[in-house]
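By letter and in written order, the chains are A, B, C and D; residue numbering begins at 1 in each of them.
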């Protein structure tokens, strides 16, 4: 079978890869590029554990064909910290104990960052609805929502 | 499976025509990729239409809008003027899935997936939206309510694909609204969905109305009887009650994992009433 | 001597002094694995890859119940790229009596070998029938389509009461009910009958002014962890194997796999990945033995990952139940007798949590006359796996609903009514033993005085409360502290960290050693690194692990004192350990400069070599745990939709080592309970196939469904633990079902006796009363 | 003499006896004595038991002390999630 040759940008770096037409962006991130921070929880867009941004838009990597990212920009959890500097959201998630098992955490962080990039002062309700596509079975969401609200407040200064 | 990215309608049409039914159109992919993964569909070629300009644009058109079939929910939400003219339609799109889904899902995909429970369809029906279809024999136009012919089945012929919608202009004192019922607050498929659009004259009498009803029949319905119950009235509670009973008698639902016949019929009326009151309020304020 | 050092004599008499001197325990310290988890670096079950790795896939039964006449793998194995295939013929059979203790429970390997790979029959839709390993997933999937299985489809049964009826399809044709005298002559689906209690029910009910009897029904639910089961197995030609997997217990997984592959336990080395949730569902094996068997055949590493669909169809859910409860009380609110009959789905093999449910159901109460009977019933569903306080949420749902109705009938405040009957130190528990120090009364009194309970409801809202109980357990646990040459300390434990136990165990280690927290770095060792460790479950890790790290610290301190004594040339009894330093005392007081870890570590080689503190123990005396929940709900009377407006969890932790993660357990349990009470359920079609095997239609609560979850940590210390820990992970899921049902009753004046209280069910009830 | 209470289904092996008094210094000696008196008790029964001594729960703990005035309950083994 012929494979697609894709040239794209991931976390700011130029990346090339070969993929089958049916492979999803998530398949390629994990199995080809070994960017395993994006998790597969459902492969149907229901859990948000594979949240990444595509040209700045929050999407589920499991619902994007790898071939579709040709010429586009993808950012994943691996691109969130800068050098040894955690993003404020990452730090607040730690400070607030907003994770238990941690498997949903990368998706929540990517999704929460996409929210704060658009809305620096979200209400609790806005945060909860924005994150409704990210399932967490451990925390009951309380500390996650607090961490996001606290980050927003801190970033507003 | 092959992946193709045509840049013109013509290329897309010939790719789909050549595939002789073995082709699937990819816009946001939020339904298609799930079907691919589950093996529900096994196309020879997937035709990504997002590089075709007409499918990605929102353009003003004689007082209304032309909306590309692949415009995402997130983009519609950011389009102030469209949201002002057809708030109910945009609300319906916004109800599809999560923020992540909104970054990809489109009205075109929602319609072409032909699910009886699709959120945008009752709202588009109520809005009197038209579908613009490209195909081997050129372009044609079709009212939204005629696009789906059954669960998962559309009116599209081999080689055809949905390019864009027209959302018409509307007179002053018009308003629309869409409500759906789901067990959770997000992430569910509609158990019932109702779209209401109405226009009032200067005396507050309803001069035009359309009501779309979803998830209670094989396809989303345009319920003329419900509209008739409103037209010529001041949309008082009595008229709304008549509209509600028209809605309930139009229901032909099934029992399934998402709801029972009795429940769907009952709740369709409840939502119709609530949507109607919102539409009325918007009409009065516009 | 300060209380912490006193701990080493295991005489904790003065908790208050101890609490004042604690430096780390009770703080909200940083989490050792935190940065890896917020950067995506942490490696979960599916995140490991090996060179030359194959992908394994499982063929699963499309039928709920079918005899397997034959399985033909030939076409699948002939497909280019397919390297190995396994079926029932590749796993040993074991006789019915092949039971042995493994992990928490006695495991019946006759059943386990049949659960991981169907033998005579496929017993549920999704039951594994064959597996293949191929060069990539696509080829593996294609190979599955080439396997030919000849099924004889049999009638099936799902519902527990249907399964108990005479003439019901038999899941196991030769099953004779255990626990009935005389033993029945006819086989049935009833695997076991259990009975608990004391006193005289007739006498008790004869003293009652009010007797309420109700029947309850609940649908089966799934643990719903976000990470699907995943593993990577690598067998080498010499019969040695390594396994990386997402599990709650890698030592337990090692034992099961060795048994199922008939290999020496020592030849299998298991490393637990980070685990993406378990809640009891990852205490058993599914893919692991298949991956090992495939790898053994192919002599290549084999990776297997379940799809979400497979997780729902084939991995351990918990029971659906039918329950009858009868409770009598006097006018002044004293319960005179309580009786419950609990019928639980076990799934395809015996072993539902009905015994624990029967023991816990009345545990919050001090009763003279109580009896609970449980039935463990086979049906054509996956064998149930543990789920947070296994069984207790169901029994408590039924009992706490009736208790609430009694309080209402007697016009007594529901918390006051519970307090009048609450279990306390010295009470005979409903399942037998006298309770030691427990916090049942404390949680109820805290609830009574909580701002939530004192606040007034908005119009149309309803408020409910409920209590809950779980035993908690201890078990085999090992820990090692290695002193590094720079004075820092490497802590090795053997219990997978699901919710922050590396943090709590490190804090206790630093506390016991009296050193800075950042000088202790934890690691979860593989099965070759330590002595046996029972799995992470039963809320045991902070309790039993705490005893182990504390013991290891004691062992290390003994050696540190010896080195200091030898270096100073003074008798060991004249050297004590204070504040992380060896200090000369008695006659030698102030004659030697105290030696800290660094001082001793740098000359470790000269003074006798490496210093390693070890503790391997079988921790006993876990502290019983009680909780009380308060919840307010809104009900949309036109659609039947219930939403939770406010929620408060109050629970006795004994001692909260890391309060943030204790609160997290409370909040997470409450929200799982909200899902169980309102929307979660398995939906089966007429053929016994699951209709909602995905997160779209199996509706776990999403972020916008729930409010903030308020928590109050009550601390009634557990005397058997050096820091007073009880364990907190499971009790939070016990009260919510009843608390929410009681709140809905309070809002609508309608008593629901069936879960979930989904909108169609609620609306139907509202309409029926007009 | 320690008071021994048998819960769950143990009575099925003890001719219905659910309470007895025994002289026994440890869980191990208790189990031996019980099996001597009631040979029907399966050999591996202890693998399925939890044993409470004066309200403190023990599982797999042969040498736990039983005082002459202790109250001992034999329960089904407890497994958590």
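In this text, a residue touches a chain if its C-beta (ideal position, glycine included) is under 8 Å from a C-beta of that chain, and two chains touch if they have at least 3 such contacts.
Just so it is clear, the model here is predicted, and its values are computed rather than measured.
With A-B and A-C as the two chain pairs, more C-beta contacts join A-C.
Averaging Cα coordinates per chain places chain A and chain D 54 Å apart.
Centre-to-centre spacing of chain A and chain C amounts to 29 Å, using the average Cα coordinate of each chain.
The distance from the centre of chain B to the centre of chain D, each centre being the mean of the chain's C-alpha atoms, comes to 68 Å.
Residue positions of chain C touching 2 or more other chains: 223, 278-279, 695-696, 702, 704.
Contact with two or more other chains is made by no residue of chain D. Touching two or more other chains at once are residues 185-187 of chain B. Chain pairs that touch, as defined above: A-B, A-C, B-C, C-D. The touching residues of chain A, when paired with chain C in their complex, are 20, 22, 30-31, 34-44, 46-47, 49, 76-78, 80-81, 86, 90, 93-94, 96-97, 99-106, 109, 124-125, 127-129, 131-146.
Contact residues of chain D toward chain C in the complex are 5, 7-9, 12, 44, 47-48, 52, 54-61, 64, 71, 73, 75-81. Only residues 28, 30-31, 33-35, 37-44, 46-47, 49, 138, 223-228, 274-279, 305, 307-308, 498-500, 658, 660-661, 663-665, 667-672, 694-696, 700, 702-704, 706, 708-709 of chain C touch chain A when the two sit together in their complex. On the chain C side of its complex with chain D, the touching residues are 99-101, 103-106, 178-179, 181, 192-196, 223, 278-281, 283, 353, 355-356, 359, 386-390, 431-436, 470-476, 537-540, 618, 620-622, 720, 729-730.
By the touch rule above, chain C contacts chain B in their complex via residues 309, 638-641, 643, 678-679, 683, 691-692, 695-697, 699, 701-702, 704-705, 758-760, 763-764, 767.
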